[in-house]
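What follows are several structures.
What follows is a pair of complexes built around chain A, which joins chain B in one and chain C in the other.
On to the complex of A and B.
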């Protein structure tokens, strides 16, 4: 009963923490609770994202083969990378994947989405068919395409060519054709996702714009250039950035289609991620050098994304 | 001598255990064995562990296996953390890295005297010796041989596998078939530096043409000479000049052979199991064809077992006993029968029965003249061989230039590894 007579401000039997808590305003309490809940993802991110990333930066200045101790080597890994001709081939390949892959995949997926949007007959089924490759494991897909590309007598494409008397093409064994050959299934695999996003974008354009244009007698072509594409800009920006990152990080298709000679022939299909993988987990496990390559990839991804966002942003 | 010692130790252990049954210090010891996952190897090891435990009731051996892809990483992470195996399996080429990183300890010289190992094992195990003591020992070794498709041989009226490189080309030409457009539909001989051909080139062809791939201390690349050029010209000539093979045919050389689309195929003894499982394939094995002057050569590789650095006290003693058993003649014979890999001891390998076996025989006889490459980084060194051939085939580089480029690149790799 004596408690009732006490002032609420300083309940003596409460601890220091409790006392402080009760002194907070409702707004302050909300903030505390918000941070308490946010702490979980923050801790998670620090442990599984930021710490390894920071560690990779540190590692890129060290030499480590997984087995022994790490030794400090300064910028040696970066200098070696700069002087490595394979790195520059790989660097060029990586951008080739980006520069060929992104526009081709976007144009194809837009054309399909644009027409699919108008199709009423079995719309859902057709859309699902396009989406299917996106859900298929990249590894399985790469192996099926690898089989398609084999020389006679097992390769599907070459057998077809042989049937009609055309000489076979060394899809995966030629330094000129191998990269586009490896890129093709990667583009194909990503189409489903891009089509879905494009269709969502197309559906979001108010039909009244088209109706008004039609009343004015505007051609379909003009409607596409003047209405559809400008209004799709946010979708296009998203897809350009998203698919660019995808092509800059291409790995599974290349690795699985060229497993016997990863990134070959003569490094003509090797992307940066495959080079990192080989440096890290190849024969000698040069983790420091691999970390340096990762840092380079990180910087490239960052620059490419920032540049794209800047170019494509709404003014 | 080992078996005598083993019996003595086992007897001592058993009688000791009986005498001191009440003393807790003699409690059962459990040791751990790690290897990478390969079905037949696991089965063989289970059998060996069972036999070992029967002879040493106070020791329990637990086996753990990992996929090959992350085996090295697992070992590297576990041992420094004071966990992991007491006895570990590793590829012979990794030994230096393991020794330097202090992951393994030398084998005790009283149980594994260097002189005795050198007298009893096939010579290539000497690569496991440093400063008079051995760090690891294999149960089994592998060598190369020529697999041939008996049905295709019969159909073409070929009576015997080739004895020389000239005969190899001749027979391969007879067995090669093409379609109307000139595409190969059946190759006489498989090829591919990505498979076993890089070993065939280095340790067999280069030597058969009168050279040597590396200096005696393994630190200098020495194949950039007339012998190397002749060897590479012979190898690339198989496809470019004679048209008896095609890189990438049927995806992989062994796939073409298993599918019955290749007349001959050079591969390791570890392929025996897979070929045995291939229905409808009637195949035989012959020693690798001899060189122009009759020189025979072969390549051998192996996986070894070693005691890890964190194994101490009772566990260490048990690990030594276990190592002794898995490198014993009995274990080797079991390994041969279950895995198809060849015994590492000459006395076991060269028994009349084994050496004259129609399948194992050519591999075992090949061990007598086999060389083992001391790799600094096997996959990187193989890649240089792959690219050496690709430069000739895809870019029209001359044999001499391509060989010189490969030599230089491999020398850089070795210099880097040996810290010159």
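On to the complex of A and C.
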């Protein structure tokens, strides 16, 4: 091998680099190629992912408003957050988005996927109808839904209610209803994706299982519980984790449906990401405090996904 | 009997999500199922239908709940577009989404290819390091990115909006999975033919993973087209807003003129809907691919 690569003797007029290159074995050349290809991406990941992550952690132990000096404050940002009543409201809201959003969106999308899987007539068209909302931008749709929620005579929902004689609902102004009202378009927009993934999972189940069950005279309902759902477990695990992370990070919908009073009324719809945005970029530029909040978000996401993976894998 | 029906309806040899030829519903249960699904589908697109319908109405008509405008008009579109800002925002979004998509496709597939097909010490470490960035939420990075952009003068520049999205770890993972399906023999043959490694990647391996590239392209483009939080933070100059950021600020200004807001929303949504209707099949396959591999 070594002889082979050296047989190509380098003439003296070749440059130093070229001479060295021709002396390398094929294996060594590959290693050089590999690192050459990886050079830019490695710089990117270090500068744009790893360094900022470390920076966020460091910043969370400092106090800084962009203008003055950075001062070390230890755990003060975290302690302040712990003692901040707004944080606990926000914390509760964030979990409310998760706890209402994930199960509702998964159950609805499973029911639709389960039945859509069995429908052949105009299958593609119906599937497209469900999928279209997934292609929209959250900001545009937040405005559409915000318009729906307006009082009579503007809002579509209240107009419909008025027509059947039900009193108006102040969807976005009520502390009790505003959060679900903001969550609804987020659930709506994500259904199409979940339906498609569920259908792919359903298609992957071998039909012979159902044929065998049918021979045994098993009911539809039992087949669903004993065959379909257990075999769909990988799909379910993926969608539960994926959609929980989405709901825990909700921001675009909330910000755009309540721009005149972001996260309102009375912080009743404010999620953690909106609180982070306001702390850092809402005028007071409390970068350290905001960084501490991002660390909290990171920890929540990590714990929630690990717990879900654990529970769902074990079952 | 219903049991037998359900099974017959599902053809065993059908490939993933292929539509199959239309067959009429065969019994009463099937008709109910079909009708409910169809109505549900219509309900799903109602917000989009209302958005488009209202964008075609005069302001005196927006309180009317009819989906078909009495006197359709494109006046709202000419008004919004004459303002000039929407042109600007549309153009910004288009450039940014296109460039980040190109960059992501090139680098993600290159890295995925190297990690899959080259044997060298440290490649597992590189792969794990890149994958580990998937656990970091963007929200945690926006503050450091902002500080970085501020000190480097990237605020209010295209580069400032784009740089965080030039590569994604998800794409690296997806591409690596797909390069596993490319046989090593093909690459070896090209090597013997005297192609260098860059040529082999580009002209031998890349054409073989086109479906994966298409799926990734759709995801990255859509993601950047609708991205909101980072462009919102990094831009203060309205001329540099992307469509979502522009729409967000526009909606606040004209809080009463819902027909104009709906027009703006339609302008930022219609391109993706049109693309979807044209490439439906590929996009759905891409979602499945990316979803299942992710």
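What we mean here is this: the second predicted complex is superposed on the first by the 271 of 315 C-alpha atoms of A that agree within 3 Å, B and C clash if a C-alpha of one lies under 4 Å from a C-alpha of the other, contacts with A are read in each partner's own complex, and residues count from 1 in each chain.
Just so we're on the same page, a residue touches a chain if its C-beta (ideal position, glycine included) is under 8 Å from a C-beta of that chain, and two chains touch if they have at least 3 such contacts.
Quick caveat: nothing in here was measured; it's all calculated off a predicted structure.
Once chain A of one complex is fitted onto chain A of the other, the partner contacts of A:225 are absent, as it touches neither chain B nor chain C.
Once chain A of one complex is fitted onto chain A of the other, the partner contacts of A:260 extend to both chain B and chain C.
Of the two partners chain B and chain C, more chain A residues are in touch with C. In the superposition on chain A, A:281 contacts both chain B and chain C. Of the two partner chains, chain B is the only one that A:67 touches; chain C does not reach it.
Residue contacts after overlaying the shared chain place A:168 against chain B, while chain C stays out of touching range. By the touch criterion defined above, A:88 reaches neither chain B nor chain C.
In the superposition on chain A, A:21 makes contact with neither chain B nor chain C. In the superposition on chain A, contact of A:153 is made with both chain B and chain C.
By the touch criterion defined above, A:75 lies against neither chain B nor chain C after alignment on the C-alpha atoms of chain A.
In the superposition on chain A, chain A positions 66, 147, 150, 153-154, 260, 281 are in contact with chain B in one complex as well as with chain C in the other.
Interface residues of chain C, counted against chain A in their complex, comprise 2-4, 6-7, 9-10, 12, 14, 16-17, 19-25, 30, 33-34, 36-38, 40-42, 44-45, 47-48, 50-51, 54, 62-63, 65, 107, 110-111, 113-114, 118-121, 123, 126, 129-130, 133, 135-137, 139-148, 150, 163-164, 166-167, 169, 172, 197-198, 201, 222, 225-226, 228-229, 233, 243-245, 247-248, 251-252, 255, 258, 261-262, 264-266, 268-269, 272-273, 275-277, 280, 283-284, 287-288, 291-292, 294. Residue ranges on chain B touching chain A, taken from their complex, read 69, 72-73, 76-77, 97-98, 100-101, 103, 179-185, 192, 194-195, 246-252, 261, 375-381, 383, 386-387, 390-391, 394-395, 417.
Those residues of chain A lying in contact with chain B across their complex are 65-68, 146-147, 150-154, 158, 162, 165-168, 170, 172-175, 260-261, 264-267, 278, 281-285.
Contacts from chain A toward chain C in the complex involve residues 30-31, 33-35, 37-38, 40-42, 44-45, 48-53, 55-56, 59, 66, 112, 115-133, 135-141, 143-145, 147-148, 150, 153-154, 156, 159-160, 185, 188, 191-193, 196-197, 199-200, 203-204, 207-208, 210-211, 214, 218-220, 223, 238, 242, 249, 251-252, 255-256, 259-260, 273, 276-277, 280-281, 287, 290-291, 294-295, 297-298, 301-302.
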